[in-house]
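What follows is a set of notes on a single structure, which appears directly below.
Order of writing sets the labels: A, B, C, D and E. Residues in every chain begin at 1.
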Amino acid sequence: ENAVLRVGHFPNITHAQALVAHNLSRQGKGWFEERLGPGTKIEWFVYNAGPSAMEAIFAQSIDLTYVGPGPALNAYTKSNGAEIRLIAGAANGGAALVVQPDQDLKTPADFRGKKIATPQLGNTQDISCRAWLTAGGLKITQLGGDAQVLPTQNPDQLALFQQKRIDAVWTVEPWVSQLERESGGKILVDEKDVATTVLVSSVKFFAEHRDLAKKFAQAHAELTEWMARNPEEAQKLVRAELLEETRSDMAPDHIAQSWKRIVFTAEVPRASVESFLQNSIKAGFIKRAPDLSSLFEKP
Amino acid sequence: MKRTLLATIFFLVLLVIWSVIVQAKIWSPILLPSPQSVGEYLLGAARDGTLLQATGVTVRRLVVGYLIGIAIGLPLGLLTSAWKFVEDTIGVLALGLQTLPSVCWIPLALLWFGQTESAMLFVVVMGTVWSVVIATDTGVRNIPPIFARAARTMGSSGLHKWTKVILPASLPYLVSGMKQGWAFAWRSLMAAEIYVTILTGFGLGHLLHYGRELHAMDQVIGVMLVIVLIGLLTDKILFAPIERFLHQRWGTGLR
Amino acid sequence: MSLQEELIGPPPAKLIVENVSKWFRTTRQTVHALDNVSLNIGEGEFVCLVGPSGCGKSTLLDIISGLETPDEGVVMADNEPVLNPGRHRLVMFQESALFPWLDVTGNVMFGLKLKPGLTNKERLEIAKFFIQLVGLEKFSAAHVHELSGGMKQRVALARALAPNPRVLLMDEPFAALDALTREQLYSDIQRIWQKRRKTIVFVTHNVREAVCLADCVILFSRNPGRIREQFDIRLPRPRDINSVELAEHSGEITRALKGHSAGEVSDS
Amino acid sequence: MKRTLLATIFFLVLLVIWSVIVQAKIWSPILLPSPQSVGEYLLGAARDGTLLQATGVTVRRLVVGYLIGIAIGLPLGLLTSAWKFVEDTIGVLALGLQTLPSVCWIPLALLWFGQTESAMLFVVVMGTVWSVVIATDTGVRNIPPIFARAARTMGSSGLHKWTKVILPASLPYLVSGMKQGWAFAWRSLMAAEIYVTILTGFGLGHLLHYGRELHAMDQVIGVMLVIVLIGLLTDKILFAPIERFLHQRWGTGLR
Amino acid sequence: MSLQEELIGPPPAKLIVENVSKWFRTTRQTVHALDNVSLNIGEGEFVCLVGPSGCGKSTLLDIISGLETPDEGVVMADNEPVLNPGRHRLVMFQESALFPWLDVTGNVMFGLKLKPGLTNKERLEIAKFFIQLVGLEKFSAAHVHELSGGMKQRVALARALAPNPRVLLMDEPFAALDALTREQLYSDIQRIWQKRRKTIVFVTHNVREAVCLADCVILFSRNPGRIREQFDIRLPRPRDINSVELAEHSGEITRALKGHSAGEVSDS
């Protein structure tokens, strides 16, 4: 059987499994190819944001993709569960609240009147940030409130942070490390067990090739374990792959520093996704709680 | 009358084709929503004020940015066409910079203005001004030289020549350049609204962007329709009368 | 300044054209448009240029006005070299060169607005006067493209006369007009020019017209453009274009014209 | 000679200002890299082939997309200017669609073409074609009617009239429209390269995007310089000679 | 078909203008350009239109050519109503209307290329012949803006003559030419037209020219444009423009012109 699997991922350190496997595929030592049986071909696709990857799933351009839980949940909700399934976890943690070193910011109450940047309105970090501030007694609305939560593109956060135009940033690796390295940002909240990346499958693929999906998820789990055992080698592969895909080099110590804050795991992050959903509803981004029963599927 | 009817039929046919494609379920309804759901979104958003407010915010930014772009670009274009030195410097810059995508200006905008309306305006202006410079320059260069010659022998020179002869003589070109500048301004503003999030106003670009982020294609297509509509209205209200006026004056535009 | 005073205006200028030569160089060929042309035009003199098509008459006017620079030689106006065009040496071009973005009145007002020392009311009055002179008062608000060929030329004429320049350079100003309108204009314009004298260089293909208007008719020949002959016309003014004396003079010039260029039309 | 010298001095002065600002350390070197580091990046990327390859990929897409855009837009523009019905339908569509930002076309492109070069081309074509339609239409409408009249009495009509009279007569307008279309094509392609990631080629848009993502500002500015340079070269190689030719033919462009 | 045969060409056409009226309406005013004009032009007849500036001569040519539609009345060519312009009724416009994107040869070739039944070599030969006829062989590759006013008009003339149309409508074709070139062309053109006869409607302000060329001179008056008088010229051909008989005829027409329009120029 000559199966072709089309798999998507982002050129981002939180998608390390995909980066490693993609690089191995390039070298002809494909991790998934070996484990899915001879003749299997993996076609890798690169996206730079969740919505594009989900659109590709909708358009049936790809079968599987690594993606953030936010876009996955959005896609699931929008399609009333008809398009995607979450078949494995990939990475937890890596997101953090970074504050200006010279400001005495400790508790949510200290953020009254401050500006906090998040990567995207309604994404995982944005929701976490709003939930954290609200839990601390602040009143936060979508466009204002006691503190200003400013959705700001990741690349722009550093500049604004350096110029002290924003007081804090709630973002994800590799930008957290960069804020630490380049402008001495201090980590105030480190979200170790919040899901950052998951592995999703299109419903069509899942229904028609359940065996392949299962093998893929297994291979993914094995790869995750291998990475835990061989972090240095994995980081090298990640760096090589990032260079391939973005033609831009990322410093090895930057990768290592980011790596420390991320927990790679194939465990399905059910609790994290559910709390994300609750927080989204509280923040008003999701109007009606969807039935999550068919989102999580173990192939 | 007959013209309106024919055009209406054409657009109705487009609508029907759209419906049929949606009915046929060739593509996932999430990516291609039905006309009805788009209509419902538009109605809902119009009723709760989102749409009106976003349109207001965007149009205000657009008009301000566009006017600044013209106010800077038009004189610069005149200068590049008048002086070789300006042509070799500003003119060359304009030629190069006009192809730069708006996203290139965003880091600079944030660096200089922070997350403010000014940053957004900066992006729009940078996206518009170079094309206005080039359109003006080209327009001026294509004027039949007899006009300038006649004016000069009547004692017109310097500012008078530029404002009373060169500028009106190149009007047919300028209007066509301004129309394209308007499109550049729109596209730049959409990019700016997507990339520069600020809290002073939630525009159509944001609606479009978040619609896409949240896979609300009815919202995306709804906002696209609004943008198209505004484009058409601007033409009918702003550009078409100017063009009609020019055609009458010049005796052109007949076939 | 009233319209009456305005009609008198500034004194005419003296023009000296000294050894002017001009070549037009293109990638295909070089045209020797003017070859060593010298002219001495006194203050208030009326000079007519006559010559075959393409002999450089328009080019000479351009050079006198300052629109073109000669390749050799200089042009002096009142003993100052001419370097740039200016409102004291106004050109009426061979093409009507009207501004399509202005209506008839706007076109006639254009030069007037650049003339200092007049109120806008006076300017409008002067413009009206000249529009009436050329018989276009009914079309004072018409757009340029709505005018007939002859009407365009009359607007251009009004536009050139209105600012009352010291030097007037006119390139076939009556070519598109019928005989009647033309004769009417000859007498009107002669009347005006008698009041406010100016230096005039006038190109025409109509030898009678030249003799009727000029103090001096200059005959050009072609390839390269050169002055062939010069005729002083010492008839009393106002002249009647149908008079016998005038016909005699024009016969003489026509003969000269034919004599010189007899071979040219066929061989060129 | 003197012109080149003056222009060179101008650009050197710009370079010096840049250096001084970097030296003054107003902004962190991550935000504003020094000219040297940008130069080093460019050298390095040129040496290892990245730059050449990316430029090749982008320029190929650009040229193909632009040519398709013109091949579709030019005839459409002629049609809109010739027939009222087309003007009321396609013309109206063009007016509306030209203001749409490229990002709007991406879901449709994915839907229809999947993740292929075609999807990318689709985005570029959609970003270019409407502005070409409008430029052509405006150009044709501004031709002095005497040309068409003269041609018709000589028996020119239909296709002959359009190709031998209307089209050449509107060339000065068309070239100015094509120049703007080129800028639209660039900007659309950059958006397409950022949003539609495909494996068949890594273009300048990707380089720009990832440079930004990874805060490699030397890369971002380097790529911007390359884009500006390509813009200039295109003008010098493609548009300037055409314009010079037209100016020579028409006797315009002198001051 | 050789150049010789080509010179004979298709037969001329009969033109009937029946009760044609035309108004130009703008927001500012309505111009009554033509009022109930009727003309009957036989096959191969040469008709000259003479009249004051703005009397509707060019408008009448436009209507005969089919470029403009009359508001009232019809024009029939060979008993078919004229609805559209076509290559059998060629117009030489008052402005030269040359195409700036073509050189001189290209302009002259334009109409020829639209004429079926010729090889490209023949076309080029014919074009050369007519460029030579108007004395511009040295400028056959020149751009339009490099030509003098009279040269442009000569190119337009060559362009109009080259395709040998059945009907030729000419609007002041010699206005910008000097007397000599003009006389040369009168005789050349009369020679050609004798060989390949065609129906010609010709507008001019030069009454002598009209008498020299026409079978019939039609006098227009203005406001609104009307036919005032018609003069049949029965002089033998070829005619010499300087002959006494011709002068007599033209004197008669000039008197009629002046008599009719005496008050018009001043009152309009």
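Things worth noting here:
Keep in mind that, in the parts below, a contact is a pair of C-beta atoms (placed from the backbone, for glycine too) under 8 Å apart; a residue touches a chain by one contact, two chains touch by 3 or more.
Worth saying up front: this structure is predicted, and the values here are computed from it rather than measured.
The minimal number of chain-to-chain contact steps leading from chain A to chain B is 1.
Shared contact partners of chain A and chain C are B. When chain pairs are compared by contacting C-beta pairs, B-D ranks highest. Taking each chain's centre as the average of its CA atoms, chain A and chain E sit 82 Å apart. Distance between chain B and chain D, defined via averaged C-alpha coordinates, is recorded as 16 Å. Measuring from the averaged C-alpha position of chain C to that of chain D gives a distance of 49 Å. Chain contacts: chain C has residues 95, 143, 146 touching two or more partner chains. Touching two or more other chains at once are residues 27, 31, 107, 111, 212, 250-251 of chain B.
In chain A, the residues touching two or more other chains are 55, 59, 155, 159, 163. Shown are all chain pairs that touch, namely A-B, A-D, B-C, B-D, C-E, D-E. Only residues 146-147, 149-157, 160, 164-165, 168-169, 171, 248-251 of chain B touch chain C when the two sit together in their complex. Across the interface of their complex, chain A is touched by residues 27-28, 30-31, 45, 50, 54, 106-107, 110-111, 114-115, 194-199, 202, 206-207, 209-216, 219 of chain D. On the side of chain E, the complex with chain D involves touching residues 65-67, 84-91, 93, 95, 97, 99-102, 110-111, 114-115, 143-146, 159, 163, 169.
For chain C in complex with chain E, the touching residues are 24, 26, 28-29, 31, 50-54, 58, 94-95, 135, 138, 141-143, 146-151, 154, 171-172, 175-182, 184, 205-207, 254, 257-258, 261, 264-266, 268. Taken together, the chain A residues at the contact with chain B in this complex read 50-51, 54-55, 58-60, 71, 74-75, 78-79, 83, 120-122, 143-144, 148, 150-153, 155-156, 159-160, 163, 165-166, 285.
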